[in-house]
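Below you'll find a set of structures to go through.
Each of the next two complexes has chain A plus one more chain, namely chain B in the first and chain C in the second.
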Partner chain A sequence: MTRAPPRSRVDPLGAVLVAAGAAAVLFLPFVLLKANRILPGDPRSFAQVLPPWAALGCTALLGVTGVGALWIASARARLALALGGVVAVALAAAAAGDALTPPGDSVVRIAPGGAFWVLLVCLGLLATDAATRLKPKPALRVLFLAGSLAVAGLALAHGIFDHLSVMREYAVNAARFAHEARRHLALAFGSLAAAALVGLPLGVLCHRLPRLRPGVLATLNVIQTIPAIALFGILMAPLGALAAAVPFADRLGIRGVGAAPAVVALFLYSLLPIVANTVAGLKRVSRAAVEAAHGMGMTGWQVLTKVELILALPVILTGVRVVLVQNIGMVTVAALIGGGGLGAFVFQGIGQTAIDLVLLGAIPIVTLAFSAALVLDALVEILDRVKA
Partner chain B sequence: MPRAVTVLRLAALALLVGFLVTPQSFAPLFAPLTQYGAPPIYDQGNLLTLALAQLATVCLAAVASSIVAVALGILVTRPSGAQFLPLSRTLVNIGQTFPPVAVLAVAVPLVGFGEKPTLIALFAYGLLPIFENTLVGLRTCPPAVLEAASGMGMSARQRLLSVELPLAMPLILEGIRLSLVINVGTATIGSTVAAKGLGEVIIAGLLSSNTAFILQGGLLTGLMAILLYDGLATLERRLLRPVTLD
Partner chain C sequence: MITVENLSKRYGNTTVVDGVSLTVERNSITAIVGTSGSGKSTLLRMINRLVEPSSGRVLIDGRDTRDEPAYLLRRHIGYVIQGNGLFPHRTVAENIATVPRLLGWEARRIEARVAELLEVFALDPASYAHALPHQLSGGQQQRVGVARALAAEPMVLLMDEPFGALDPIIRAKAQDDLLDIQRRFGMTVVLVTHDMDEAFRLGTQVAVMSGGRLLQYDRPAVLLTQPADPFVARMTGLADRAMRLLSLVTAGEAALPGTCDGPAVPPTATLREVLSELLWRGADSARVVDAEGRVRGQLTVGAILARGRP
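What follows is the complex of A and B.
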């Protein structure tokens, strides 16, 4: 069954990726030169925008990466080559931005083009494949994430990418960006905290009283099927009515529009994964462990908090991971009802057909969701190992 | 208990159909939610047309993503595609961290406003649950069954079509159902990029602060999603009863 397939000399994945990358470089623009932020761009290729030595160097580096992707089997070498390629492509885009921007001009936009994105995706796939084969330990994965984020952050802070369109958009919105980012995190983590506070006891209750279980889980399941924008909308009515009837609630910020319906909706969505995983986690705890704890003279409360919940923690945390990633994505929609968050940039950008503004919102959201998933996955794995 | 569920289901269906066909008969219910004589029922388009348009978009995307995802799932579980397996599993995990809204937002500049970005986002986001479930389904076929199939002289192709796929079918269908339900919700957001659908009603309500519009748009979409999820689950149970192996 587990017989390995005969390994061909050319790596098939490498062949696909090299073909896609090469086609992109040949046929798609590397950057787009736009006269202003909403006009369609004027395509420019690699060789047109970089000084000859830089174009040559970058091409050579990508060529080496391509050759490595085709014929080098060592996962470590492939990962290093892919990461080197990412750095080269990013620096090339930055250099193109510097070269194409007339001095002192703040209207012209240099946006990364199709070739840039395809190259990044291909290199990303190559790196992901290599990293998957290396099977790094959870702590190492988190360290790697922190390192990459630090490098990217330093590069951004240093102004390397300042002439690229997304950073231009950031420069205009810098103060608001910090505000909306904080708000995004507050909404995502706040509703997670509320859901954990309610969901954990509810899960324990469902575990202890099996008769409750189908009803509670079915109700929470139905809530999950209601589209986010619809639930936000539906909650606006009662919360608006509450604010009108109880001035105190209004003063607390509980209104039909804004953060309140978003938090309540996210809280409702978050309950199912937490309750379901608490129940599943508690069910997995062996009866012997519980009986031993009782035998040692522990009270019911002690057995629950010191044995059952601790043993169920990895499964519960898996639920928390689902919720957090889901929330970070869904907070985006909250911008539609005045809840703020990074989604504000996304929808504003869609409204103005300004892709750079969309990306200014979307890139951090995806980065946040991805980082949250990676960190919590690592945590679950570490806990699982400690237990075993 | 099951009878109560059936009654609830039929009531929900009747409510949805009734509202879509004769929306004006619900006007008195929504009138208290409006202010300054705003219309209580959405009047800038036919609700039934909008609902059908949304359903059509969702189903079209789901069919496309089912075909591609199942084909890919089969490909990477064959010996010839085994090298792509680790990568595809990691990709499934990474892909699920992408919020659907982000996919939609990034698709707009590529293809413009209207149905197209919504279709692309729905297609791309719908791939994941189906692909993942196809993988799990095909990889967890009991080895004893597979060996028995080979022992009976089945070719690899026969084994796939008459043993592996039928065994994986419950999981594959569950993936399709999951992606359909997610898609109904994402399609609503598609209305922000001018796709036809019930989201239009909600957004019109948000723009003119007409709670009645928001509520009916939300209610109709919610009903549609729940009925779709529930209906497909029932259909699955009916279809799959004779195939299960226990």
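What follows is the complex of A and C.
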């Protein structure tokens, strides 16, 4: 941790964030009151929606956070203030939802407004910056993530946010949400597993037969450059033909539209990072260690599994991280061709101009991708430290 | 005993090792020297079949090395390479236990063997057994590399430029250690080096290779006094061959009866060192005195110089 600089020094990042947050509170609505889910909202500010004591308390807390962001150097204190701010903003939004919803009404929508989102982003950046300065150990980072998710989950389960628009959409779609979320994960992890199953041996092969390497990597590179929608389109024809020609293919779910082209496309996109990182990982394994392993009488398989792959694992996992985050994002697009997943809410919401429905799909996707990145980064760091 | 019979290795039209035959006696150290590209490493690697010979064969204690799969053969042959090749993800103890584990030794026996080797190689188990290789110094890593090669009590130890990555002072220590270890465990050592001094210092027998062919294979003194080939003479060093010859004989071996007033030298000192001492002190003769203080004889400048002639 850096020593506290002189009091007069203003933290530059803090200054930017405080300016943005203050401007948002002054000029943007905190919540939008909509008569129904697709009508444009009626802007309400902080002070208009909260009881005076709550508005005052919340403003005071944000003020303290702002002062802290500007002048407090201790990373721990900054992190605590930022997290306190997040909780305050979230609770204020929840309270606004409760206050503005007429009893028994299910048509009115209270959507978080610009000020809410800007404050959340500013506080999030403040927290991330403070956490980075603390340089927490990987296990602690994962623990912190798990804790944050648990708190958020408990708050949601407890119904604190039930009067906010996104949760209104959730209440209507609860059964489908669980189904689409499971499908989203199955598509993302399924195509990752398939890519790992094929990509790992292919990477090992490319490492062993250098003549193969340029051709394979160039081909996979070309696949990466095809836009997702275009690839879905390209796959529709052959998969459709396969479904028509093979009697049982259709019953197995192989069709021109739906999950099949989505999985195949994600699988193809996933191959490059996995193959390329397997090759790079194996290349950095000390040749002397491999030679010694052979010289001591390990079989070819033992050398591969006990020495080469283990030493290459951090780099291979970096590829897996890229693939997983990429897949979680890209599965969204699969909804366009009937692949399902949380993207279904996003596109349905766009179709209905119901922004809350879009958020119902988008927020979990972002959370998933962020969590996957954090967990795999931690894993890579742990493994790499052992290896050094 | 290792018998190499007419061993050759060809890659396409290039012959890397060309019809080499030699016999390595049990319980000895054979140093293979040559310039880079002479085929010395390939010859060594054909003994444990890291390189498969194109023709010819290798017998170890009368058994053809091709009688069993290469990986099983290698578990009974120690192998040390330049830069030690330790597994960076495994602790020192795990590295040393590699071959015993492959051989399926019992855990208790492995543990005992690892402890014994750590002690032999002056690595305190408390501080080093669970250290990772990168936490050790270069000299320590090299010792762990040799300990790992000896873990399963092999009768044959192959070393490919084992001391090449060490600085001169640590290298001299490592060479002395190897001589001690070889005396202690009595294995047969074949060592590849490009350093003639190292070959002379360690080798009971020295094999000189050039262009894939074995030019001469004999005791170091014979290489100096009767080089079979101008290349051997050049390799062994025309300018200081007399000094090299002196460095092959110890004071204890050359001492003549009687005593004198000259400076005391230990019986383990080479004649080269004794001569240097006499030059430094301006004396004509030295007393050979052992560790217990007994006079074992004397050496005159004349007697030493006589030993420097072929």
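Basically, the second predicted complex is superposed on the first by the 380 of 388 C-alpha atoms of A that agree within 3 Å, B and C clash if a C-alpha of one lies under 4 Å from a C-alpha of the other, contacts with A are read in each partner's own complex, and residues count from 1 in each chain.
Note that in this section a contact is a pair of C-beta atoms (placed from the backbone, for glycine too) under 8 Å apart; a residue touches a chain by one contact, two chains touch by 3 or more.
Since the structure is predicted, the reported quantities are computational estimates derived from the model, not experimental observations.
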item	value
Contacts of A:Lys137 with chain B and chain C, given as first, second, both or neither	neither
Which of chain B and chain C A:Arg284 touches, first, second, both or neither	neither
Touched partner set for A:Arg182, first chain B, second chain C, both or neither	neither
Chain touching more of chain A, residue-wise (chain B, chain C)	B
Contacts of A:Gly240 with chain B and chain C, given as first, second, both or neither	first
Which superposed partner A:Gly297 touches (first chain B, second chain C, both, neither)	second
Residues of chain A contacting chain B in one complex and chain C in the other	none
Partner chain B, residues of chain A touching it in the complex	1, 4-5, 11-13, 125, 128-129, 131-133, 222, 225-234, 236-237, 240, 256-257, 325, 328-330, 332-333, 336-337, 343, 346-347, 349-350, 353, 355, 358-359, 361-362, 365-366, 369-370, 372-373
Contact footprint of chain C on chain A as seen in their complex	286, 288-299, 302, 307, 310-311, 386-388
Residue numbers on chain C that touch chain A, as the complex places them	48, 50, 71-76, 79, 81-89, 98-99, 102, 132, 134, 145, 148-149, 158
Touching residues (chain side chain B, partner chain A) in the complex	33, 79-80, 82-84, 86-87, 89-91, 93-94, 96-102, 105-106, 108-109, 113, 143, 181, 184-186, 188-189, 192-193, 199, 202-203, 205-206, 209, 211, 214-215, 217-219, 221-222, 225-226, 229
